[in-house]
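Both complexes shown next keep chain A, but they swap its partner, so chain B is in the first and chain C is in the second.
Presenting the complex of A and B:
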């Protein structure tokens, strides 16, 4: 009896400081992640700031009905999903090609310089990239209009008013910023492949192509599959900076650049439309949740240790 | 040492060509940005942005010097936010991750599951915005620039938690406990010094994130005294666009009072300068941060 009491006392002595260490993270998690989960009810309310969220009248599914009958929902869902699909496919093909070629370069110094420069755009904020983009795309002074098109005698293109080129621009800039990131990930896997395989293949007279096809790519397969499925789970989210800053939030371009994230921002902060924005935001959370869970279940079936849960 | 085949040399050559092309594309926009910031303003307006300045001018940088009260202030805000945000993130994340490793203490398992759940589900942008602005009242305070990015997600918690578990020998901690050290003492004297590699990695990623952040300012800051350098850049863009698109309604707007294109380009150069100067030195750690972050552990 006495010893049990004593042990309990000692455990408390140990537990208390641990709770103290856990406290800031716990409070932060509750505020940053759990409190907003209750905020989802905003989407089902007719928000009235005088009455607060809890006092406002219930709206049922009216906000969602407005959203889906306005045509906005279809456009932003289509854009978000299509861009993500292109990004996922290019995000596999290009970085792997670059990583394999990078691995062929023997000079350590060249290797280091290449990696440093290719990764540089990844460190830039979207605001700065928007400035860089403007220097190329501006109607009056942009490099493309003023130097390239003029040299070929072509009429200038008003990029910020004409959405024709935007799918290409968005995809190009996304690659430009992200290629170094993808390369670094796959390079780590490529470097990790045992040299013995390649030595053995060489003795058997395999060409470089054959080595890539039968050694490198199969060894990368687990990484490819994991990243592929993880990205499928994030299909409903888009990089806000890419779609907001690069087209400078130009309304004429929404047909090609509006994604769920930019729609929510514009509806909330520009139009102050809580109903529309919260409906779109909840739509994104819930479909996003379903996709992540499905993705995780799929990974679990393929390789247990790569699953998040 | 075996002789390298012709084919291998061909592959290496192809590698060099592809890499040089990619490097060219990666740095070209920056060259255009820098070149236009040192070109005479009238030349830019007349002839557009060029890689080689036709008429060299430091007028834009002189302007920055003259306006340093505003620009320097934004710089200061960015530095304060980056330093304190990164430090607090590392501390909160590590304390939390270390605490979670004591699985024999009641509650730690629940907290870990709660932490994992945040990777699956979130309240969404609007609910988060509402919580921060109407419950926490964070709008137009410096906390708005720091708090929403703290802890940088559950993923970092898992990274640090696994690092501590796999790299710091349990016997070491037990020995310290035998000597009468409590968890807090162990945390500061053992865990922090022994986990510097992972802390440096997540700290670096966090610092870049804070330095580049403009979204928190966009959502929560309207007071120009709290503009970070990124938000200042963003704000200049949108106010110029606003004036141009509403020029007819507003009547006579004097656009010359706003910073000109070359000046804005120069401010952008000043904003990226610290990253450009320090990045080559931490490139290696940065690459490491990407690899541990992308594929677990």
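Presenting the complex of A and C:
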């Protein structure tokens, strides 16, 4: 009993500095992520600054109505979810492929150059990309209409008024911009795999493909699952720049480009309406939360040790 | 372990308490504004029996705050302290930042006494209780000058019959629908100069310009200028939206008392058809719906020859290397008027009464308003033509190096203000105001309170965001009709009828008074 107490004390002493290190981060989390949560009640209030947040009248679910009253709720929810599904799947397949390929490049200089080139779009602002896109797609002076289609004698396509091509354009641009970052994350894991496995496999006569299938991918599994769950939690959010800047907020494309975020921005920017804005983000958080928990449960069923909590 | 949890909870509670504290404190913060710049005038004022009131007033600028702002502030205080015992401190702010900052300031309790709300809807501030009702303060502080100005011009901005904002008196009121067009191109066509042109006549002129200058698009109908609150339709046909936004209905004629759904009228359909035809004929810039070049840039580079612009006397003075002229498509008129610029008193003001006292004085003393707008005479500008209020930069200064040059005029009675270029004389302005005031819509003076239908308005607005630009720029060519039908039916689903019914109900009440 006495020794147990003593041991506990020693453990405390050892652990204390580490907890102290944790303290600033915890306080930051509390202030930044947990404290503002009381603001959720704004979504249910008819906010009036004279009365203050707590004194304002309750509005029930009135603030949520506008999300559904425009008749676009289904469209934007569908867009948000479908695009995110495609992004999550491609976001696993393509960066891993690139990371594995990159790992095979032996020349150090070539490796650096390729990595930098692939990562470059990730560092660009969406506004810049929006204009790059415009340079390609503009009806009058765009590269595709003015140089390519003209050369083949095809009629020009009014990209900004015709939504046919936009699912493709959006997915392409998203991948082009995001590959570099995804690749860096997976590359770090791929590099971290012990060379011993590969050497043993080589001695046993495994081909490159067999090595990838049986060594690299299984070793990447925890990384893939963690990123998958994190992405799933953001399923109800969309990259604002991608969906707002790139299509230049052209109304005729909304069928293919409108997501919850762009809808909320368009609707509330001009109105400064606190209640409705928080209603929208409450809706997103709750659905996002449910998705994370569900995904985690599913993974727990399949392989227990890979679940996050 | 227990102690740690306890400690964490304590920290959390303390933080909560301190945060909850701030939101209450803000409103009553003792006014500790430094006002260091106003020291000379403070010294003078110490002899005054009453305590000098200190006001913090927003000062909007386009690019950067003028270097001599503090000098001008001192000069302002040299006038206001002896006259009304009010000391002014300017709070400089970029006009772009004003769109987002005001609401943040008010919600965080920052003391500001007068805010210039430029190009924002004051109703948002009213409905969330961020600004003060001004009626009581006005009846307490206002002098006869302000009362007579309020009688003559729509400078008091009301929401639900209460005054919430005071606008500067404009150089003129009302406008004429029509287009602004390059004078040289117009004269080349040899078309007859008329007071009012029909739409067909515009087509003839555009065709003639296109023939002479094939590389030029006669008209720029830019999507960036089309908002849910503002239809291109009105630019050509006149009419008035009594609720401010077109999605709250439209009055087609000056004497009509029935608010109609603009989007279902024959006139609107004809207008869309006209735009589509012009677009197909190559009279409109192909990228009109999405480009973010401005009308002026397009005009200056010679890419377009004209754009829709409701016309006022001062608009034909600009020199682009060529002159411009106007082709009006309707008579001058004035309808329900929503001042685009309003001075408002936030609830965080420490002294609303003094703020109104200052506003009142600003209307009556043109020396003061000119001082704030143009700086100190002799130092920053000199008067060139005193009869027409024309000034020039002081010696050695120009627009690029003047330490006080700000074109944003929000101060007092703008009819008396000095300008750098005499675009139109005071007589011309007054005559124009007179002409428009003679053609008043029944909605003149009406204020729509949209609080009860804000969900529907928002829903309508998202529908308009989607379709309006493509339709009103004609960018869809001959396929416009299907999109138009979609828009009309979606507006119905979004509840435009309820909005219009509510607007009509309030309008009937207004007419009955």
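We take it that the second predicted complex is superposed on the first by the 213 of 309 C-alpha atoms of A that agree within 3 Å, B and C clash if a C-alpha of one lies under 4 Å from a C-alpha of the other, contacts with A are read in each partner's own complex, and residues count from 1 in each chain.
The rule is short, and it goes like this: contacts are C-beta pairs under 8 Å (C-beta built on N, C-alpha and C of every residue); 3 or more make two chains touch, one makes a residue touch a chain.
Worth saying up front: this structure is predicted, and the values here are computed from it rather than measured.
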Chain B versus chain C as contact partner of A:51, first or second or both or neither: second
First (chain B), second (chain C), both or neither touched by A:35: both
First, second, both or neither for A:72, with chain B first and chain C second: second
Partner chain(s) touched by A:248 [first = chain B, second = chain C, both, neither]: both
Most chain A residues touched (candidates chain B, chain C): B
First (chain B), second (chain C), both or neither touched by A:204: neither
Partner chain(s) touched by A:196 [first = chain B, second = chain C, both, neither]: neither
Which superposed partner A:274 touches (first chain B, second chain C, both, neither): both
Touched partner set for A:289, first chain B, second chain C, both or neither: first
Chain B and chain C footprints on chain A, overlapping residues: 19, 26, 31, 34-35, 53, 138, 140-141, 248, 268, 274
For the chain B and chain A complex, residues of the former touching the latter: 2, 7-8, 11-12, 14-16, 18-20, 22-23, 25-27, 29-30, 32-33, 36, 44-45, 47-50, 91-93, 95-96, 98-100, 102, 105-108, 111, 114-116, 118-131, 134-136, 147-148, 150-151, 157, 182-184, 187, 208, 211-215, 218-219, 230, 233-234, 237-238, 241, 261, 264-265, 268, 271-272, 275-276, 279-280, 283, 286-287, 290-291, 294-296
Chain A to chain B touching residues, read off their complex: 11, 13-15, 17-22, 24-26, 28-29, 31-40, 42-43, 53, 97-98, 101-102, 104-106, 110, 112-121, 123-128, 130-133, 135-136, 138, 140-143, 145-147, 176, 179-181, 184-185, 188-189, 202, 207-208, 223, 226-227, 240-241, 245, 248-249, 261, 264-265, 268-269, 274, 277-278, 281-282, 284-285, 289, 292-293, 296, 306, 308-309
Partner chain A, residues of chain C touching it in the complex: 4, 8, 11-12, 15-16, 19, 23-24, 103, 106-107, 120-121, 124-125, 128-130, 228, 285-287, 289-290, 292, 347, 454-456, 458-459, 461-463, 465-470, 475-476, 483, 490, 493-495
Chain C contact footprint on chain A (complex, rising order): 19, 26-27, 30-31, 34-35, 47-53, 62, 65-66, 69-72, 134, 138-141, 158, 160-161, 248, 250-252, 254, 263, 266-268, 270-274, 276
